[in-house]
Amino acid sequence: MKVKYFAWVRERIGIPEETIEPPAEVRTVSDLIGWLSSRGEGYAYAFETPKVIRAAIDHAHVRPDAAIMGAREIAFFPPMTGG
Amino acid sequence: MKVKYFAWVRERIGIPEETIEPPAEVRTVSDLIGWLSSRGEGYAYAFETPKVIRAAIDHAHVRPDAAIMGAREIAFFPPMTGG
Amino acid sequence: MSVTATIRIQEADFDVAREIAALTKGRTDVGAVVSFSGVCRGDENGEPIAALTLEHYPGMAEAEIGRHAGEAAARWPLTGLTVIHRVGRIAPGENIVLVVAASQHRQAAFHAAEFLMDYLKANAPFWKREEGRKGANWIEARDHDDAAAARWTKS
Amino acid sequence: MSVTATIRIQEADFDVAREIAALTKGRTDVGAVVSFSGVCRGDENGEPIAALTLEHYPGMAEAEIGRHAGEAAARWPLTGLTVIHRVGRIAPGENIVLVVAASQHRQAAFHAAEFLMDYLKANAPFWKREEGRKGANWIEARDHDDAAAARWTKS
């Protein structure tokens, strides 16, 4: 699946998007944050306070307990500040 | 004192304004409506339903029981429909 | 109240963009601008109309709008406020009234503009006459305009 | 929902007057038009800023605004609705966002515009970075924006 990062999550990880293949036991958005955090310093820094991280699956906001199975695109970003 | 009429109050009375000298016992806006109504058919028609008539003394909305003493200009008109 | 409201009653049309620009141009303290334009519709209670004619009470109209503008400026932190009300004959599709409220914050701008429109509808001395198929008729006031104005009263 | 919302995300500035005209020109069924312009202020939390840079999530931003526009059109009787959000570098005094809501009735236009702005602030995937004296910083979300959006939730 494709993962995208925005704003300071993108800056901390250092890349805007990548394709990942997490193991089968990574079932939810929250699991995925934990798994990504273990991939390196930038990831750990980006996800150091998981409760402020917002996530979207296929362009729709989701909660941390949302299942990721079947997702084509998952995005992580800080709280939004548009408008 | 000067009296002004607007919208259908003006049309029914037939003039936009006039100067009047009501007797001393005409103390309130309500009294004045009664006194004016007795001045002719047009006045009686304009004020036939006193509760829908709005009044202003010197450019400020007033209630029927407002005293008219000292007023320079009293206006009578229907409920407003601007905006 | 540090803001000076611009209030105009005129026969001529107005230009929304120019009025917005007048409250924002050359400034960097304005974060939100809300404009309300009231437009003449081609029907009234389902009946087609050819035009409206707006009558007003000169002197009182300016005073009444000025009082409400002052109250809006006292209740919300505004950086600018403009109210323009047209009078005379107005055809369907033409502008009738404009309120522009500017502020640092969006909610102040929204609330001030809505408050002013509610008060104008219920309290400003203007009267609309419609030219319809059956001749000219004065438009009747609607109770819900009084109710809309009353909801801003502090209890 | 009979109204089709116009939604644009663009680097270029917008013209409020042109967007209002697009919802009213040649029509006689529109009685009220509310526009909200969000403008870049020259300070953020009391500190001067040189500019903002707006990042967005292409695809999701359009989808999210479209969902909210559809909800507004379902909740209020609108005759037209336009949302434009700029991205890229924006200097103080420049426009950031525009919402225009048109309706037969003023309260529908006011409510729809305010609802959309509240939802955009809290839910649309845009992020602002400020260029200040101490370098570039991402602006933090404010809790009261979430609260403003939440008040529209039907209970």
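A, B, C and D label the chains in the order they appear, each numbered from 1.
Definition applied: contacts are C-beta pairs under 8 Å (C-beta built on N, C-alpha and C of every residue); 3 or more make two chains touch, one makes a residue touch a chain.
All values derive from a computational prediction rather than experimental measurement.
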Chains touching both subunit A and subunit C, listed by label: D
Centroid comparison with subunit D (C-alpha atoms), farthest chain: B
Subunit B-subunit C separation of Cα centroids, rounded to whole Å: 26
Centroid distance [mean C-alpha coordinates] between subunit D and subunit B, Å: 48
Computed distance of Cα centres, subunit D from subunit C, in Å: 23
Subunit C: positions in contact with at least two other chains: 38, 106, 117, 121
Subunit A, residues touching no fewer than two other chains: 83
Category of the chain touch graph - line, ring, star, complete, other: line
Which pairs of chains touch, using the document's own definition: A-D, B-C, C-D
List of subunit B residues in touch with subunit C within their complex: 4, 6-8, 56, 59-61, 75, 77-83
Residue ranges of subunit D in contact with subunit C within the complex: 15-17, 20, 24, 26-43, 92-93, 104, 106-107, 109-110, 113-114, 117, 148
Sites on subunit D touched by subunit A in the complex: 38, 54-57, 59-60, 63-64, 85, 96-97, 117, 120-129, 138-141, 145
